[in-house]
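In the two complexes below, chain A is the common chain; its partner is chain B in one and chain C in the other.
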Partner chain A sequence: MLLKVYRLIVQHLSFIILIYGGRFGVQLGPAVPCFACPYVNGCGGQCYLMGLQGYIGFGISLADFWGFEGLRALFYLAVFIILVVLLGKIWCGWICPFGLFQDWLTYLRRKLGFSSLKIEPETLHKLGYVKYILLGWLILGPILVDLKVLHPDFYLPFCQMFCPAKPILPVFGGEFRHFALDTTNLVTRIVTTSSLLVTGGFLAAMFARPRFFCTFCPLLAMIHFLEPLTLLKLKKEPLLCHGCGTCQRVCNMDVEEVCLEKEKKDVQVVDCINCGDCIASCSAKGALGFSFAGKTLVSSSRELSLGLKTKKTSA
Partner chain B sequence: MKKDDRSIRLLERARQKYKSETETEIELLIAREDYFPHLDYFLDLLKDGGDLGTIAQRVRKPTIALLCLQAPIELFWAQGFFPVKIYSGSYGASNLTSPRLPALMCPTLKAILGRAEMDESLAEVPWVIPLTCDWVVKFKETRELFGEFRRPVHFLEVPRVKDSPIARDRWFYEQYSLSGFLKKIGGEKLKAKNLLAALKVMEEARKALFQLTRLRRRGFIASVFYALITSSFFLDNPTNWTANVLKVVEFLDKKEPKGLQEGIFLSGSPIFFPNFKALHLIEEAGLKVYGDDLCSSERIFPRHVGLTDTSEDGLMRALAEAYHRGCLCPVFAENSHRASIIKEALSEAPIRGVIFHLLKGCHPYELDSFCLEESLKEWGLKYLKIETDYSIEDTGNLLTRLEAFRPTLAESEPLDELAG
Partner chain C sequence: MGPLKTFSLFPALLLSLLFLGEGLLCAAEQDPYIRWEYKSPPRHRNGMAGVNLFLTSSDGAPISDAFWYYRIISLENFREVNFQLPPIIISGYFEPGTNELVINSGKYILVEIMGSAILHGKRSYAQTGALLFGEGKGYQLPESNGPEPIWPSFMLIRSGETYWPQTGQSFTMIPRPDFGIGEFAAYEGTGPASGTFENGPHGRSFIPAADPKLNAQGSAASKPVYFVAPLEGGGNLSYTIYVHRNRYGGENMNLGLIIFFSGFVVTVFFLARVFYLRRALRHAAQGI
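Coming up: the complex of A and B.
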């Protein structure tokens, strides 16, 4: 319970910093590994995915890559990698403003008494591959624009066509214009229509199911590629697990691998967003926990799950 | 079913025996030096002998007889019933039905059948029977050899594989079938609000029992008293029970901690009132019990029902999971998680050995004991299996074995990462 309270505090503070930080002079730069949307006026940091499609990534022409722009791109790539290595998917579960937005929708649904949309684990697993397709699209799109295969209005192809955060998060900065169709030409019509359809679909799905967008998030896929290097990990002690399945049921992402694992200690799977709800709900002492550079930061216990104060019980 | 004179005489004798067993056990408990007045509440509940009419008056709700803890208690509460777990450790009750049953049948089931024959109130209430072990599966037919059920009986089919999504779904729908049964026999319609309230009541009971368990790990409460407290859970309104457990916790918390002696963990078949023979003998042999995984004691209800979704569907899923996937009863296939409770307790108390209490004829536990023994030896713990029933003939033999086991604890070498 306490872990959930800490998370809520961190999530809301992060939201304020990343959405409104710029208005108070806070600017964390363009390599933030979460959906800190640059379309928000006065945002305090920018999602790396936008930069990656644009001026610090695949938006740079091959000729410019060997100059300063290439050097800058490599610098921000290094910043992104360092941030991911330090905090892993804490960026997703604890910091991402769009993640918090999804959690608000889930909270609202639960308050209204609606049950969650059930998706079979196999179907969910297959849907998870979409995030790699989107990652491929956001890499390939700018290259095709540069090669003049695609119209220039296809710039930032992921943000413009598929990212539901782009129309939604600017609303918190008082801006609604991304919900409008851009009728400048056929391409802008296609791009904005796609954006609105995807956003509408995701809004409904994110209300019906917790963290639904995260299953498709290309940033989650990128962070997962760096997982072998990350210092913060979800760990399991299989011998202490009771196999009760609570970790799976309370999991926002419906990850079943953590519960089913009977041998390995490293249970950091691709769809785990390190929210820690499994640790907070697990009553088996030491069965689940977060470790940082091999040191346990927090681990499950009956005290934690029941919301009781910890007492030393060992001899 | 009309009874002849001999049957009536046997029945009366069994009732007398049951009464004397209850009184003897209560006297034994009260006579102990470490008895404290906060336990009076629990003893008073057990003195009544678990008459369902008396319990119904006490809790002001209609009662339902429940044969095994596998059924979700909160569902009964939410629909306006009070389930009473029917158990018995009485030799008199077991002896009443024993001549007409297989010799190697579980003594608990024999005693429950005996109790059902002696106690008319059990025929006047509906029964819910979760189909766990084979003896329980055949309970209805066996009971009908001796008497009748005058109210409906509902079976809950328990899928034996826990990690299969199909099995989990089946159990989920079994709960709805139980809910339908409760509605049919006059219960309230299932409402998420009532179920959530019932889950919260259980959560408070769970918290209280856990606090008591922590004190047990520190050697502050004898196992017989812990068993006394858990044995009375189904005999009163859970809120009263919880309040009284918290009084015990508050009282024990003030005690000065003493140096802890090396002790044991008790595993295996359940130990039911009034037969605390095994607990008394273990203590008499100089062994301290710091924990157990008995479904009559530390496992009387699921450890924790993590709630996120408070819709009816969400609550029912949470409940289904706690009572099925979270259950460590040996009737389940691939039950390798059972040893995790022991491993957890090892880090909390100076446990150097495990005593496996096996009731003769309790086949799932007997098979499990072999698997467990392997793990425990790997962990460097001493292990002793004692096989018994509700008679007192084996007392001397058991005591000798337990006394011989005690010195071996000093030789145990638990793995460093496990020991407390």
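Coming up: the complex of A and C.
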């Protein structure tokens, strides 16, 4: 419980910084590894996915890549990698503003008394491949625009067509215009229709199931590619595990590998967002925990799961 | 505070939204004038941004005795720097034979460019402005190398806070006093520009109409609109603006919300169906 409280505090602080930070002079740059949407007026940082499709990524034409623009793209790629290596999927579970928005919807659903939508593990596993398709699209789209295969209005193809954060998060900055259909030409009609349908659909699904969009998030896939390098990981001591299955039951992403793993200590799987709910709920002392560079930061205990302070911390 | 600094201030831009007046179709007769025309900017691999301009005449007649200067406002520290011939510039040159001007910048700057030449025996003036998004390191804006020449010119006030000049936006051209600058007309290609004129508290403004050709292209596509005013004693003054398509003009909120809620409702029904089916199957298995 205590871990959940800390997480809530960090999530809300991150939300304030990433959504409103620009209004107070905070600007974390364009390589933030979470959905810090640049469409929000006065945002305090920008999601790396947008830059990756645009001026610090695949939006650069090949002719311009061998120069300053290419160097700048490599610089921001390095910044992105360093941020992911340092914090791993803490970006998803603790910092992402759109993740917090999904958590709010889950809180609302629970308050209203609706039960969660359960999806079979096999179906969920198959749905998880969509994130790689979206990642491929956001890489291929700008290249096709540069090659003049696609109309220029397909620029930022993921943000413009599929990202539900693009219309939703600017609302917190007081801007509703991303809910409008752009009738300028046929391509803008297609692009905005797709965006609005996807957003409407995801809003309903995110209400019905916790962190539903995270299953499809291409940024989660990118962060997972860097998993071998990340310093912060979810660890399990299989010998200390009681096998009660609580970790799986409380998991918003329905990750079952953490519960089922009987040998390996590294249980960081692609869909795990490092929210720490499993650690907070596990009563087996030391069975689950976060480690940073091999050193345990926090581990499960009966006291932690009951929300009690340990003797050490209370002293 | 220099006039260009005023031009950059948002309040002035917002005030220009308050224009009142009636729209009139542009149908002025076109006298030959000199103007700045852009061509594709040079590619730079060191982070510099550039602009290539040609001083030309609207009727293709030769021009002579061309002069130019430009003035830079550094947007990074809001410092104003004036230039005139001979230019001490970051990187750039003017070819009198071709009347081509090249300006490159390693910094994020707003540059206002003035040109003057004799066309059909009368001295005329041309003006334009460009934003250069230079991002190179190690470039310093030089200090002014002299006072600004006293030439007839416009001060532009653009409505809204859009990234680019665009159709549907009002452009108020305020003539700098003491030059006898007449009422301006707007041209596009070889004829009058389509759009409406309005009279507001700051003066006469022009709103370029939406262009289907521009709308069909990407948002980076643009077309030149020339604002031309006669000068007392002959000659004229032009201001070149490259306008893009209207970024917000095509937005339809009602249709958008209908599509958004359609997506929402379809998903709700789909999820309800999944729940219902699952419960029905479970009940069937339990023999309820």
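Worth a mention:
Going forward, the second predicted complex is superposed on the first by the 310 of 315 C-alpha atoms of A that agree within 3 Å, B and C clash if a C-alpha of one lies under 4 Å from a C-alpha of the other, contacts with A are read in each partner's own complex, and residues count from 1 in each chain.
Throughout what follows, a contact is a pair of C-beta atoms (placed from the backbone, for glycine too) under 8 Å apart; a residue touches a chain by one contact, two chains touch by 3 or more.
Since the structure is predicted, the reported quantities are computational estimates derived from the model, not experimental observations.
Per the definitions stated earlier, placing chain B and chain C onto a shared chain A by superposition produces no clash, and the two fit side by side. Contact with chain C, but none with chain B, is seen for A:T193 once the two complexes are overlaid on the shared chain. In the superposition on chain A, contact of A:V298 is made with neither chain B nor chain C.
Between the C-alpha centres of chain B and chain C, as viewed from that of chain A, the superposed structures give an angle of 160°, to the nearest 10. Using the contact criterion defined above for the overlaid structures, shared-chain residue A:S283 touches chain B, although it does not reach chain C. In the superposed pair of complexes, A:P152 makes contact with chain C only, with no contact to chain B.
When the two structures are aligned on the shared chain, A:G245 is found in touch with chain B, with no touch to chain C.
Residue contacts after overlaying the shared chain place A:D182 against chain C, while chain B stays out of touching range. Of the two partner chains placed by superposition, only chain C is touched by A:A208; chain B is not.
No C-alpha atom of chain B lies closer than 8 Å to any C-alpha atom of chain C in the overlay. Looking at chain A, you'll find no residue that touches chain B in one structure and chain C in the other. Of all the residues in chain A, the ones that touch chain B in their complex are 110, 113-116, 120-121, 239-246, 249-250, 260, 262, 277, 281-287, 302, 305-308, 311, 313-315. Here chain C touches chain A in the complex through residues 43-47, 135-136, 215-221, 245-246, 248-253, 255-257, 259-268, 271, 274-275, 278, going by the rule given at the top.
Chain contact summary for the complex, chain B toward chain A: residues 162-163, 165, 168, 192, 203, 206-207, 210-211, 214, 217-218, 260, 302-306, 308-314, 317-318, 321-322, 325-326, 328, 336-337, 339-341, 343-344, 347-350, 420.
Every residue of chain A that touches chain C in the complex is listed here, in rising order: 63-64, 66-69, 72, 117-118, 151-153, 155, 167, 176-177, 179-185, 188, 192-193, 196-205, 208.
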